[in-house]
Amino acid sequence: MVTRGIIIGRFQPPHLGHLEIFKRILREVDELIIGVGSAQESHTLENPFTAGERLLMLVRALSEARVDLTRVHIIPIPDVHNNAIWVSHVVSLSPPFGIAYSGNPLVRRLFKEAGFKTRTPPMIKRKEYWGHEIRDRMINGSDWESLVPKAVVEVMREIKAVERLKELSKTDYLLG
Amino acid sequence: MVTRGIIIGRFQPPHLGHLEIFKRILREVDELIIGVGSAQESHTLENPFTAGERLLMLVRALSEARVDLTRVHIIPIPDVHNNAIWVSHVVSLSPPFGIAYSGNPLVRRLFKEAGFKTRTPPMIKRKEYWGHEIRDRMINGSDWESLVPKAVVEVMREIKAVERLKELSKTDYLLG
Amino acid sequence: MVTRGIIIGRFQPPHLGHLEIFKRILREVDELIIGVGSAQESHTLENPFTAGERLLMLVRALSEARVDLTRVHIIPIPDVHNNAIWVSHVVSLSPPFGIAYSGNPLVRRLFKEAGFKTRTPPMIKRKEYWGHEIRDRMINGSDWESLVPKAVVEVMREIKAVERLKELSKTDYLLG
Amino acid sequence: MVTRGIIIGRFQPPHLGHLEIFKRILREVDELIIGVGSAQESHTLENPFTAGERLLMLVRALSEARVDLTRVHIIPIPDVHNNAIWVSHVVSLSPPFGIAYSGNPLVRRLFKEAGFKTRTPPMIKRKEYWGHEIRDRMINGSDWESLVPKAVVEVMREIKAVERLKELSKTDYLLG
Amino acid sequence: MVTRGIIIGRFQPPHLGHLEIFKRILREVDELIIGVGSAQESHTLENPFTAGERLLMLVRALSEARVDLTRVHIIPIPDVHNNAIWVSHVVSLSPPFGIAYSGNPLVRRLFKEAGFKTRTPPMIKRKEYWGHEIRDRMINGSDWESLVPKAVVEVMREIKAVERLKELSKTDYLLG
Amino acid sequence: MVTRGIIIGRFQPPHLGHLEIFKRILREVDELIIGVGSAQESHTLENPFTAGERLLMLVRALSEARVDLTRVHIIPIPDVHNNAIWVSHVVSLSPPFGIAYSGNPLVRRLFKEAGFKTRTPPMIKRKEYWGHEIRDRMINGSDWESLVPKAVVEVMREIKAVERLKELSKTDYLLG
């Protein structure tokens, strides 16, 4: 019987810490489902990239790291703003799975109440592996490329990500 | 002609102050409609309980207090995020009513513009009768049971409410 | 431990067949949850009554039949148009239950896949106990009152139900 | 005090019959609100034009007919799929009004229950003044231009309406 | 070929600064589309007026300023909470346009990515021309009438705007 | 520059005809995006399988056919019930693409109006390659396995698909 685990993040953007976590989980389960959360969000400072762009970054990064793609499923998951139905929503969009990995107590609680096994994913030490930090560096022009897989840098170039972030960060002159 | 009043709260959880208000209103009207607001919210620190759980707490508490259940209607009311249609939304889910009780100026205003009589419900003095305070005590392990009806304590036990709240209050280690 | 069963219908309107089914189920479980389905529907020939009106008819009919109201919960359930999350939606709005009663194979299937016991409710013979038949009679002016509890007739009068149905049945002259 | 009336249609497309109705109503009220219903629908055989395109056709046609535009408000109205809140939805999108004109019994009923005066708009005889007929003619290549205001023909040309309709009418080869 | 520009604001309420901007844009384009954003919001301190009320204020103000109404389209635009589809949403509700005016970098970015020309609207100096300031003055009873067109003051009186704002600003006594 | 094409279907279930189409398109583009349409539908006779189940069938079938998974992206796409924003919705969930393959005139029209190249996918002759036929055979117990990839048969077994379909096909005894 195939064992499948799921992990859900916003991946704004995916970074080397995420990649390391994926690899470690793939030592514990046969297949990993990566849920791209808040899929409906994009073009804000907190959530600059669309679900499709994040999915492309993830698949490129996994491919570059020679992860076997037959063992990974990447799935956009829009928010539902109703915790009581959220697990069913995830289940409906995903291949069947048995274990939910999350560092978020709410997510673990919801999966647990729905009868799933839950695990806290291995923690990656470096505090730069953090979406907020990476987005800030992209705006400020300091080094962010060393924090993400090379393949992510390439997708960023293809979609002109730095330009988008810089524009979004301009001070608003509001119509009021 | 039957007179009916409505009162809407989140009841996270119902407490002795609510029960006292219900009793006083029932001296003024024939029937009371209790709207369980933000019905779609659950499993957060602000809104830990589902609408169904809150409804069960309310009916148990009223029954324990020997309130005549033929005179009370308890109705889950999901948010609509559109104030201009909110009263119609409430009306569609509820038996016909003529008086809206609320301590919230927005709610009173909306009902008033829609042609309803509005009243401010009798204020209950003790400041511990407050959902936020009760939820904090449940997490901190101090006495909360004295602030709610016994029947509510029992439902809390049935649904393992304290465990849920404690888990939800853990510091997040975010995937980032 | 309290056993609870749920049954979901549209109740457009509640009739004597429904009442008989409720009574029989109440011999099998401690408490019965009556879900008023398609709660958001009203003012059409198929679904003329609001959820609140149907709820009032149900509670009046149960009260008239001397059913113990502490053993019954009546809950409006809006459609979600997503079968895979529908059971979670129902669960979130309802007190905890273990058995789902339904004559609808889809509903039974959904509850079964979610881990609930399911039962087919006792069938009531008379074919007039059918919402469609009752609504037709209300429009045509033939006897419908004998098919529903007396309390339902009274609520119908209070909300001018026959007038509403007759108006809705008029041939449309469409603006095109 | 200004008297305002509202009339709601889908206007797929606006035709000479509509224009005649608008003119007659404008003899009865100071200002007319034209609600462009099912505003979210477009690109189907039944609803080929977007709300914005329909709005443009209406304003051009009214302008061409020398109707005083300070006396008319044109407003897109998306469906809400909940009759009980529909009137509030319309009210929130529209300047205040007192009279609702509709040939549809459901619409008149909803406005009436909400406390509005309702009137059946004057009927225009010619049966070609019918959206379905006009859309068919556009697809079949027979004369449709004589059924709509000249200004509508011009907007149709600007948005390449005939081409769109013809393409939408092609038999589907479904992916299955 | 007609050139059309669009500008989107919340207009809570429209003020003299807005009117000045409209006039200047109308020197650059043939027609101006005014999008009334967050159309679903009303009855809060930040967004006190319904879309319909704001639309009425705008049309009255434009009419009073002798702007040619055949050159202006006013359109309520509800939020969609999904930036990636927002431009399509606006396009579907509006007559075709080529230029988007906005002082908001996010809005300009979204239109730019969708292939539209974007322009920053001319800035109006006086800092009192700001919705927040005007709403505060309406509550505090200081002069607000000098900041908005006379026609807006009249609509405010018709809808009892000051009374609404004052009521909404009362300190909440929460049911808790 | 990478060329990407998208094809969207419901895949209830994926069959040998789909697989053949995918292979042919992969000779024309570098990467293929497979959109799993009506992702929110499941558990009906027309749409028995969840988006996650369909995604699993697709990835297994592609893997079995030795299609290079780094060249394929499989993405659930929920309906939006608004044609004018549908393309933006698809774009937001998908890696960037330039060509849309569809046998559906509406879909081709929508992509064309949004500026995409469109192509009609190669037609596969055998008329059994049709979801409706396959679902019927699963219910009737006649041979369906020969119409789908072996890997799909295996996933069907894992999720007990035949049992689900047979149950859903039972005649309803409606509660009325």
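To keep things simple, chains are lettered A, B, C, D, E and F as they appear, and every chain counts its residues starting from 1.
Methods note: a contact is a pair of C-beta atoms (placed from the backbone, for glycine too) under 8 Å apart; a residue touches a chain by one contact, two chains touch by 3 or more.
From a predicted model like this one, the values you see are computed outputs, not experimental measurements.
Novice: Among all the other chains, which ones are in touch with both subunit B and subunit F?
Specialist: A, C, D, E
Novice: More than half overlap in residue numbers between the two sides of the subunit A-subunit F interface, or less? Answer same or different.
Specialist: Same; most numbers are used by both subunit A and subunit F.
Novice: Roughly how many whole angstrom separate the Cα centroids of subunit E and subunit F?
Specialist: That gives a centre separation of 43 Å.
Novice: Between subunit D and subunit F, what's the gap in Å when you average each chain's C-alpha atoms?
Specialist: Their C-alpha centroids are separated by 37 Å.
Novice: Hey, how far is the Cα centre of subunit D from the one of subunit E, in Å?
Specialist: Inter-chain centre distance comes to 25 Å.
Novice: Could you pull out the residues of subunit D that touch at least 2 other chains?
Specialist: 40, 42, 50, 82, 84, 91-92, in rising order.
Novice: Can you name every chain pair that touches?
Specialist: A-B, A-C, A-E, A-F, B-C, B-D, B-E, C-D, C-F, D-E, D-F, E-F
Novice: Residues of subunit E touching subunit D in their complex?
Specialist: Contact set of subunit E toward subunit D: 39-40, 42, 50-53, 55-56, 59, 63, 69-70, 73, 75-76, 78, 91-96, 158-159.
Novice: Within the complex, which stretch of subunit F touches subunit C?
Specialist: Per the stated touch rule, the residues are 40-44, 50, 164, 167-170, 172-176.
Novice: In their shared complex, at which residues does subunit C touch subunit F?
Specialist: Touch residues, subunit C against subunit F: 7-10, 15, 17-18, 21, 81-84, 102-106, 108-110, 113, 120-121, 123, 129-132.
Novice: Would you tell me which residues of subunit A are touching subunit C in their complex?
Specialist: Against subunit C, subunit A makes touches at 80, 82, 84-85, 87-89, 91-92, 115.
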